[in-house]
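Here come two complexes built around chain A, the first alongside chain B, the second alongside chain C.
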Partner chain A sequence: MSKGMYKAKAWGAKGGNFGILAAFIAFAAFPFYWMLMTMFKETRDLMNPNHNPYLYHMRPTLEHVRVLFFDTLYLQWLWNTAFVGFLVVLITLITAIPAGYSLARLTGKTGERLGIGIFLTYLVPPTILFIPLSKVISSLGLQDSLYSLVLVYPSFTIPFCTWLLMGFFKVIPKDIEEAAMIDGHSRLGAFLKVVMPMSIAGVLTVIIFTFTLVMQEFVYGLTFITASSRFTVSVGVPTFLVRGDVYFWGSLMGACFIASVPIAILYNLFVDRFIAGFTVGAIK
Partner chain B sequence: MATVETRDIRKLFGDVKAVDGVDLLVKEGEFLVFLGPSGCGKTTLLRMIAGLETQTSGDILIGGQVVNDLPPRARKIAMVFQSYALYPHMTVYRNIAFPLKAQGFPGDQIPQKVEWAASTFGIGKLLHRKPRELSGGERQRVALARAVVREPSVFLLDEPLSNLDAKLRTSARDELQQFQRRIGTTTIYVTHDQVEAMGLGDRIAVMSGGKVRQLGSPQEVYNEPADTFVAGFLGSPPMNLFERDDYIAGFRPETFLPVGLHDTSEPLVTLWAKIHRVEHLGADRLLYGTMRDTFPNEKVIINIPFTVEMQITPGEVYEFAVKEKDIKFFDRSTGLRTEPRRFWEKRS
Partner chain C sequence: MTKHTQSLADNERWLGRVMIAPAIVYIVALVGFPFFLALFYSVSNITVGSTETSFIGLENFRHLLHNRTFLRALRNTFVFAFVSQALVLVLAKTLALSLLKDFRGKWVVRLLILLPWVAPISLGSIGWLWILDSVYSVINWTGRALGIFGPATWPIWLGQPTLAMASIITVHVWRLLPLATVILLGGLTSIPQDIHDAAAVDGAGFWRHNFQITIPLVLPIMLVAMLFGVVFAFTDMIVIYVLTRGGPYDTTQVLASLAFFTGIDGGDLAAGAAIALFLFPVLAVSAILMLRLARRTEVT
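On to the complex of A and B.
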């Protein structure tokens, strides 16, 4: 092949890469774009089938945002979600860090099987569990309380996060811990001074992941909570912005956009670590 | 400084005897090397002395005190790992200061101690760097500085040079030995590399199958191997061993030279060998062949220094000789050293 052809091929490959990348970016960003568009769109503009749904044909409006913030308890729901999320993250970390560390250091088949066993509990769906769990909640007197969610959510966050942290702890060489033990620390001291600082990425991943799970959970939130002032975002938004067969699309999209953007940004910051956490245990 | 003693120490992993009854006494200020192939139990033995592994039975004494139940941090030891085990999230300074802080050393004296340890190993300029920004040799020095900084009574080194390239390893070996001589701390060094063991050790404990096969100076274990394992493990190429009736006879490849090259004042044994292949290795010439007469068709390796310019043609039979005192004898069933058999006299 001539020099020119190589050059042309290189440019072609570059163009191909760029094209694929652009397609993926469009795919990932499109929901956000549509949410943002719809959030400020007049309902008449939105509902007119002759109008391009991706562009404004009439002046944008703040009406939907007003409805969201002043006619619903959206801010209260956000606060409720944050409150439950914070406590669930705390409980998950307190439980999953020691569990993940123990499983990572348990040598042989026992640790591996125990790890898989714990992960399997994550796969039991809430749609099966909510009936027996509602019995537990009522016998504890936690009906219609946010603490019912604080109690129930760790049942799916802990197994997954234990698994995730196990992967992070496994890649920390034992030598480093042993060096810290020779240098003057107990096993606990070595864990706190050396293993934990090296696992910050894992802990952050767990925080983000737990928070996401709490935000999107619907079944438990719907069944255990009745008062609208105690709803979480994922229950409150569809309950109040879908009335009969009327969808308040502008406000719905606004509610979703505001709730999802912070999580999306956090995910993007840690996506590499997140994937590493999933795969480390698998290869080694 | 302290002595280290193990008394009939054993370690079982399930049914596997990793360490099988080792009695050792490391003298004060001594540099002792555990040498053996991988899986011989040398690292397990070191880890038991460090307290990172609990022995199944037996006692460990450091400085005359039984330390069986003491955790690693209470044994006044420092260890350098094969991987160096530097703390990746800390700078070199904090790595070296770590053991001092962990042991509650007075804060105002820490900078001074760290600088002393760093300058000992010539890494004073690297104190603000993270381990990942260092080369292999620099990392090894940081690991040594971290071990030295709190002046332990025993150093434990687990193959600390094996991650360095060959050239660096030679100079690091030299520095390590000079350093040990200077501070005079009792040192136990684990390696599978016989050159390191011979070059560094005051004494070498040659290990195999969880047992110490021989404990002695480098010259002793090389020249007077206690059994066929030691004879076959040390030396490159190893000792030529020939089985016959109820004994095994052996000699080192470099002691078996063409007959005319020997100093004639000592009694010699002459043997014939057919050469099949010649390897030129720079300083040495290796001849691969098979023996004639006394040990028919047994394989033999001969090492001739390059200064001998004698022409050797593959396929030819030559007459070689070895000094009587250089032939070692072993019992065929136990593999242990026995008295000379003087097989050459029976023949004539």
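On to the complex of A and C.
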């Protein structure tokens, strides 16, 4: 084969690869692109079947976004999500950090089994638990309260984050703690003063991850909360903005886009660590 | 510090137990306890308003097995989970392979591909609700503009049984593909380059390379991705709740959505719990597979 042919073949492979990627990107991102297109379009423009939907036939408008922020409970829902998210992150960190460390270092062979056991509870889905939990929540007098979500969400964030943190702690060399203990720290002291500062990135990953899980949760939110002012964003938008036969597509798409994209960007910054922790937990 | 706390801080066995206790208590209280409650509900006649509940044995299950909607949902759940998982695996493998090489702007590509997974699925599904709208569907508009759809063709994506199922499966694949891809990518990058080089030197072609080297090496991690996917697909009700509510005529109803509509909207907690428990065998099998997998990787 001549040099030119090699080159042509390399270019061909590159082009094929590019084509595959382009197709996947179109599939993955199109709904979000479509939300963005729709949120600035006049309703009369959207609802005219003769208009090419890929183009703007009238001037872009901010009206849908204004309606969303000032005439609906959207801001309240965003705030509710942030409130629940903050408290769930707090509870998750307080329980999962010590548990993760304990599994990584202190409990040995039993711990390994226990770790897998804890991880497996993540596989017990809300679908089995939401019915009994709805009764538990109502007997605690928490129905329609955001605290019902604060109480229940850690039941799925703790198992997952414990597993992730165990992975992160396992990668830290044991020598470092041993050196600290020779220097007179207790085991607990070595953990708090030496291991924790080294694990900031892992903890940040867990925070982001917990927050996305809270934002995505739907079934418990739908089950425990009926007052529209106490919805989280993932429940409020589909149940309250879609009522009856009238769909305010512009505002609806704006609501979806604004809530989805920032969290995705944040998540993307941490996804490598997330995968690393996940697989170390599974393999080591 | 007193002598007692001093010793606790150093006693590894006790420290280990104390540190893990809060997590275990939380999980037992909010996963274990409700799970047993679900078992109990399924053999009782409890409703949302009931104050007295009595044991009625397997009555709920017997009723379910004669209920056509339930049987339909059971079948749909399997179709939905297996078709979407098969598609996800094939697509994720393809996508992961083409993301393996480094190129400029890779992080943007990855961000775009991860979007469906990170964005709350209830919101993503609403995006699809608009794309699949019966009157303003952009797919139909494009199809007609390109001449793919004739003048008489105007699919109602969410209103015709087969199309509705296909739409739900598509949205589910859309949502689960990023996770499977990212997990597989992790597996692929951990294969040392030497192995690929050696295979190339020995003259292994594309298929042979794939089936004899790459796939066996990423198999454990591929199984992890698959188990997750199966569990998600089996237990998810969000896509269906937003897009079709199980319609038209229960043709897209699955166990999870039926459990919700029966137990919460309908107030029949006992029947809802019984429906949800039919998911349990699948989960148990997944859990056992996961444990086996964990043990196997432990050995190597």
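In this text, the second predicted complex is superposed on the first by the 236 of 284 C-alpha atoms of A that agree within 3 Å, B and C clash if a C-alpha of one lies under 4 Å from a C-alpha of the other, contacts with A are read in each partner's own complex, and residues count from 1 in each chain.
Just so we're on the same page, a residue touches a chain if its C-beta (ideal position, glycine included) is under 8 Å from a C-beta of that chain, and two chains touch if they have at least 3 such contacts.
As the structure is a computational prediction, the values presented were derived from the model and not from experiment.
Peer 1: If we overlay the two complexes on their shared chain A, which of chain B and chain C does A:F27 touch? Say first, second, both or neither.
Peer 2: In the superposition, A:F27 contacts chain C only.
Peer 1: Chain A residues in contact: does chain B have more, or chain C?
Peer 2: C
Peer 1: Who does A:P53 touch here: chain B (first), chain C (second), both, or neither?
Peer 2: In the superposition, A:P53 contacts chain C only.
Peer 1: Between chain B and chain C, whom does A:P197 touch in the aligned arrangement: first, second, both, or neither?
Peer 2: first
Peer 1: Looking at the overlay, does A:A180 come into contact with chain B only (first), chain C only (second), both, or neither?
Peer 2: In the superposed model, A:A180 contacts chain B only, not chain C.
Peer 1: Go through the superposed model and pick first if A:G189 touches only chain B, second if only chain C, both, or neither.
Peer 2: A:G189 sits against chain B and chain C alike.
Peer 1: Go through the superposed model and pick first if A:S234 touches only chain B, second if only chain C, both, or neither.
Peer 2: In the superposition, A:S234 contacts chain C only.
Peer 1: Kindly classify A:A99 by the partners it touches after superposition: chain B alone (first), chain C alone (second), both, or neither?
Peer 2: second
Peer 1: In the superposed arrangement, what residues of chain A touch both chain B and chain C?
Peer 2: Common to the two interfaces on chain A: residues 186, 189.
Peer 1: Inside the complex, what are the residues of chain C that reach chain A?
Peer 2: Within the complex, chain C contacts chain A at residues 6, 8-10, 12-13, 15-20, 22-24, 26-27, 30-35, 37-38, 41, 46, 91, 94-95, 98-99, 101, 107, 109-116, 118-131, 135-136, 138, 141, 145, 174, 177-178, 182-183, 185-187, 190, 221, 224, 231, 234-238, 241-242, 255-256, 259-260, 263-264, 269, 272-273, 276-277, 279-280, 283, 286-287, 290-291, 294, 297-298.
Peer 1: Sort out for me which residues of chain B touch chain A in the complex.
Peer 2: 50-52, 71-73, 77-79, 81-83, 85-89, 98-99, 102-103, 146
Peer 1: Within the complex, which stretch of chain A touches chain C?
Peer 2: So the residues of chain A in touch with chain C come to 17, 20-21, 24-25, 27-32, 34-35, 38, 46-47, 49, 52-54, 94-96, 98-99, 101-103, 105-107, 111-112, 114, 116, 118-121, 123-136, 151-152, 154-155, 158-159, 162, 186-189, 212, 215-216, 218-219, 222-223, 233-235, 237-238, 242, 247, 249, 252-253, 255-256, 259-261, 263-265, 267-268, 271, 275-276, 278-279, 282-283.
Peer 1: Which part of chain A faces chain B closely enough to touch in the complex?
Peer 2: 173, 175-176, 178-186, 189, 193-194, 197-198
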